[in-house]
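The following pair of complexes shares a single chain, chain A, combined with chain B in the former and chain C in the latter.
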Partner chain A sequence: MPRTILDPKILRSLVPALSFAVLLGAIFYVQPRTMSYFGLNLMLNLALPIAFATIAQMFILTVNDLDLSIGSFVSLVACITATWLNEAPLLGVVALLGCIAAYAALGALIHLRNLPSIVVTLGMSFVWSGCAILLLPSPGGSAPDWLSGLVKFRMPFIPFSILASLILGLIVHFALMRSATGAVLRGSGGNPQAVERAGWSLLKTKVTMYALAGFFGVMSGMILVGTTTSADANIALRYTLFSIAGVILGGGEFTGGRVSPIGAILGALTLALVGSLLSFLRISPEWQIGAQGIILIVVLALRSLVNRLEERQA
Partner chain B sequence: MTTKRSAAGLAGLARSAPWLFSFVGALVIFAVTLAANNWSGAGQIITAALSFGAFYAIVGIGQMFVITTGPGNIDLSVPATIALAGAIAMTTMGGSDAMILPGLAAAIAAGFLIGSFNYLLIWLLRIPPIIATLSSSFIVQSLAIVYGRGLRIAPPPFLAEIATGRVLGVPILAIVTILLAVVMAVVLHRSVYGRSVTAIGQNINAADLAGVRVGTMRFATYALSACFAAFCGVMLAAFSGGASLNMGEEYLLASIAVVVIGGTSVAGGFSNVSGIWGAALFLYLLITMLNTLGVGAGLRQIFTGVIIVAVITLAGGRKKGRG
Partner chain C sequence: MSPSASSDRPIVELNDVAKSFGAVKALDGVDFSVRPGECVGVVGHNGAGKSTLMQVLAGTLAHDRGEVRLNGDVVAASDHSVARAHDAGIRCVFQELSLCPNLTVAENTRLRHGSIRGFGWRRQAARLIATKLDEIFPDHGISAGAVVGDLSIGRRQMVEIAANFSATESEPRLVILDEPTSSLDQQVASQLLAYVKRFVEAGGSVILISHILGDIFGTCDRIAVMRDGLIVEERPADKFDRHSLVASMGHVTDEDTPAPQSQASESQRRGEPIVSARPPRQTDDQRLELHPGEIVGLAGLAGHGQTALLRLIHNAARHRSRYASVNGKIAFVAGDRQADGIFPLWTIGQNVTVRSLSALSRLGLLEKGREREMEDRWRETLKIRTPDMGDNILTLSGGNQQKALFARALASDAEIIAMDDPMRGVDVGTKREVYERIRQEAENGRAFLWYTTEFDELVNCNHVYVFRNGLIAADIERDQLSEQKVLHASFEGEAA
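Then we have the complex of A and B:
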């Protein structure tokens, strides 16, 4: 059978890109002034940390787990960045490395004791929030100069947030989807028994994936502080739900190691742009989260349609 | 040798009476709190624990039925449902005793609709329940914000009396919730519905082949969970003198935590109701203890989180099915 545009595999990977394009097109149509360097930069600046958090969540979803603590983790990282990393850089770096190590340890604990990730990360979300409150009881702190300088860096022609998202997507795509190691890592979500029989350690893959999630969580928090220049203990709590929705929007499956890094980033940007579109349409911000829910359902409905098409062809 | 035997004994106990640990934990924490309090105020602490524990228990029971139906089944729309149902009930009642029943009915009906919508998404789009309830909770949250905008209507006096009053020192709401727990325990262990839910959680294909109406039972479970969340929303609004938008926030974590601490398997197919009450008391007493010991907000959260992780680590991951 020729690979036409109706091939379900191509259709499925097109859904995230199409929904992003439709949304961006709608924004350009409603408010043509956004079709500029500054317009795009303004809209997408706050989307960049969400994209990083979504990639973190994607690593966890790849091994059939779910992280309900990424929002509070990013908040804690933001608090560390705005306080220790700024005042005592060495202490800050050690603390952030400790955060990544803690994530890796969680992966080991979950694997060794065969624990449900949902409950463990739920408990950890209290721990991260508690640490963040201890560190920064009231909103404040300030971003290290080099960090805000980096995030606010004005690239010629193309906004930093777009370039960074693009590079992030490509790096993770090639590392996870195209490399031999990436195939093993995804395989441990798709068929753990087979990967183990083939001689790979499931413990190692789980720890790797959790450490990667911790690393991208740290990146997300640092970029967030670079943009907002200060932090508070609740700054990123909504990232937990955003990141799950972003991965799913981007074509990731809930189980079986089927994920798409580029799709996940497009999913995160789509969710972030919904708010802009609504405000350009003068719809009150109260409907923003509802509109995100509706878009999520519409995209999932589209995908379910594609899947049924595939079944009929098979 | 003895440690090995006692460990085996503990494991056996965990299998035969999984609810026991949450009650033992609650008792231990209660004793520590009393000791820190110079052995006074026991009555007050118990009363408060029963009132606040009742809210945890109501949402916990609904969530338990959902979790029992198998891995991946969790209702994330609980907080949004609590907020919307509370607002609907307070508006419908308008502070008048005569409107209590219509208001309660409207709130429960809203819960039923939300639960039905959740299952419609799961069934129609064939998506994991977590994603379905997540998407619908976004919409419900918006509805609650729009509907409850700037609204602060006091609950009818009689309903407020039920939510906050006591009979012989025992909170009325706690008595109602204990009765509810007894009824739901019978439903879980003795009714066709409860047995079907457990069977689905152990092996959905086997249950289907054995003639269990899987679709209907799962639909009923999501509707039930949302109705319980709605009831919790009404009582919470009555308890705190009116509905507020963020009153459901802590109940997402709490509803899952009480189910797991109560000894229900997160993998599904193995659950009990009484453990939920033990876990609800445990959670509230834990917060009271940390308050009594003068622990600040940050450390309190850290302790709560560490204890949840410790409990699940000790309980261990139960393999799916009978094993």
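Then we have the complex of A and C:
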């Protein structure tokens, strides 16, 4: 059967790219000055940490779990980065590694005790928030110089944030979608029993996925501090919902191990750009959240339309 | 040790093996062994312990008592694992498919074979599975890059089988096939059985579990009959005949179900049909019609649009449809239990009553007593084997889960019951009980739409529509029905 552009499977993977392109086009139309190196850099710089957090969430969604704590976790990492990592680098590194280990341990706990991930991570979100407030009761701290230098690095021709998103997408795509190990990891979201029967350890896959989520959560927090240069215990709370929406916008599903790393990053960038577009349209901040929600619903409706097309063809 | 002695040593040997789940003794002291180069058939009705036995052999369940030997070495229960069994060359095609629907065919192959790794693993895995598929099922038409979730259930089964027969660093020596042909159409099933014979001639071993006795007799050298967690009879296949085999399974021993003669099929085909439907792609004016009190069969090869039409009719009962008109309430009996049949977290009783909740409630609240009463009535009527309808649905064996789904449809107020190949992997005894029930219900005026892949079931129908490529290819009256005709309609045009 010839594969046309109307083939729902291709259409499905095109939806995230198309919605991103439409949004970017709209921004360029409303505010032509953004169509420059500087403009893009400014808009997308704040999107980069969201992209990392979305990738972290995607690893959790791959194994049919949901992480409601990623926002407070990123906030805690941001606080650690702006204080300990700056003042006592060794302590900071140990603390960040400890955060990743804690995530891996959560994965083990959820698997071994067969707990619902939503409950565990919801509980943990308060723990992370509490730690962050203890560490940095009032907004402040400062980013290590090397970190802000890295994030503010001015690449020739292509803004750093675009290149970094691209590299991030490609690395995760190859690791998760193309590698032999990645197939096993995704398989444990598709049919855990089958993966176990084939002789793989579900505990290991779950721990791996949670550790990866922790790692990308740490990356997200560090980059965020690199951009903002200071931290606050509530700095990234909205990332939890952003990251979930980003994965789903990008063509992922809540269950069944169906995810797309490149789609997830496009989804995250789209969400971040919605805010810019609404500001350019001079929509007042109190209406922005609602407008963001409406845009989200429109894109997801488009998705389910494609899904229905797919079903009709099957 | 002489080579002949070592080659004759059993691949797997069980001595007095027992396994219980709580109070239920699934295996109660089984002695069983398989030697290289033989095909052993295992038969028995639902809950006889076949699946448990296979799971012990495959290493997915640890036995409570007794001795398991792999290639002559005793394996402790704590040590017995999938990896151990896999190393010994044991592969198992489970009745509930063990493929990941989100992965491609090649990726699923890689999941089975840990040794496929490194650069170019996709190509390696694709080549491995494609070669095996070509060998077992010529003209299968499955691409190694296809996502398994997009394949029909029959094709998934083919992939599952081929993946288990394929070899990388350790050769498959004993392949367990648990109801392998239940979702395959007849042509593909015979390709599989022919391959099993070739595999056994080449020195491999196969355990075949099937409810199609013709498959067992045509393929196996030895047959073991299970009942109540025991092997009650074990003989070379030629020492059994159909009659004695069914007899030892412990069910009524009459010959093939006599075709029910009593109902006059013609007289009911009058008046307005309660269902009139046409497949969306049908170009001529052929329609499927169903009258009250009729059993209408949907026949043809698996996956040729029968399920799609049943779903279309089911939806047409609530929404207007261009293709179907339905005058009555409809209930659906799913064939793919796991995917669209049972509510896995609910009790057996809840699974039965869910279709009738509004009838069981007053002022929007459920009446517990009437709910209980319905649950118990249907446990009696369909002989669902459970101590308590309050147990989780998954405590039932596959056939009994299917009975619960029948009870759900029959207990409802629906005048029309659509059945989507509901007898997949169900034993002979249960089938007869259910056929009888369906005939009684039809006499009381209910109408049935019955998609089946087994010809034997079509004799229960008043009218049969044969499907091919999503279209109704033939419309056969009951008194003209013959296997020849159905096959002819299913395959006609393929040669052109």
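Convention: the second predicted complex is superposed on the first by the 314 of 314 C-alpha atoms of A that agree within 3 Å, B and C clash if a C-alpha of one lies under 4 Å from a C-alpha of the other, contacts with A are read in each partner's own complex, and residues count from 1 in each chain.
Just so we're on the same page, contacts are C-beta pairs under 8 Å (C-beta built on N, C-alpha and C of every residue); 3 or more make two chains touch, one makes a residue touch a chain.
This one's a predicted model, so the numbers in the text were calculated from it and none came from an experiment.
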After the alignment on chain A, I want to confirm one thing: do chain B and chain C clash, or do they fit together?
clash
Report for A:Leu185: first if it touches chain B alone, second if chain C alone, otherwise both or neither.
neither
In the overlaid three-chain picture, which partner chain does A:Arg197 touch, first (chain B) or second (chain C), both, or neither?
second
Between chain B (first) and chain C (second), which does A:Leu134 come into contact with in this model arrangement: first, second, both, or neither?
first
Which of the two partners, first being chain B and second being chain C, lies in contact with A:Cys99: first, second, both, or neither?
neither
Output check: A:Leu61 vs chain B and chain C. Expected answer is one of first, second, both, neither. What do you get?
neither
In the superposed arrangement, which partner chain does A:Ala78 touch: chain B (first), chain C (second), both, or neither?
neither
If touched residues of chain A are counted for chain B and for chain C, the larger one
B
Which one of 26-34, 80-88, 350-358 or 368-376 is the stretch of chain C that crashes into chain B?
350-358
For chain A, what residues appear in both contact lists, the one with chain B and the one with chain C?
none
Of all residues in chain C, those that touch chain A in their complex
58, 60, 81-83, 86, 92, 94, 97-103, 107-108, 110-112, 114, 116-118, 121-122, 149-150
Per the contact definition, I'd like the list of chain A residues that touch chain B in the complex.
66, 109, 113-116, 118-120, 122-135, 137, 241, 244-245, 248, 254-255, 284, 286-294, 296-297, 300-301, 304, 307
Complex interface listing, chain A residues touching chain C:
9, 178, 180-181, 183-184, 186-187, 189-191, 193-200, 256-258, 314
Taking the complex as given, what residues does chain B use to touch chain A?
71-72, 74, 121, 124-128, 130-131, 134-139, 141-143, 145-146, 149, 253, 256-257, 260, 266-267, 296-309, 312-313, 316-317, 319
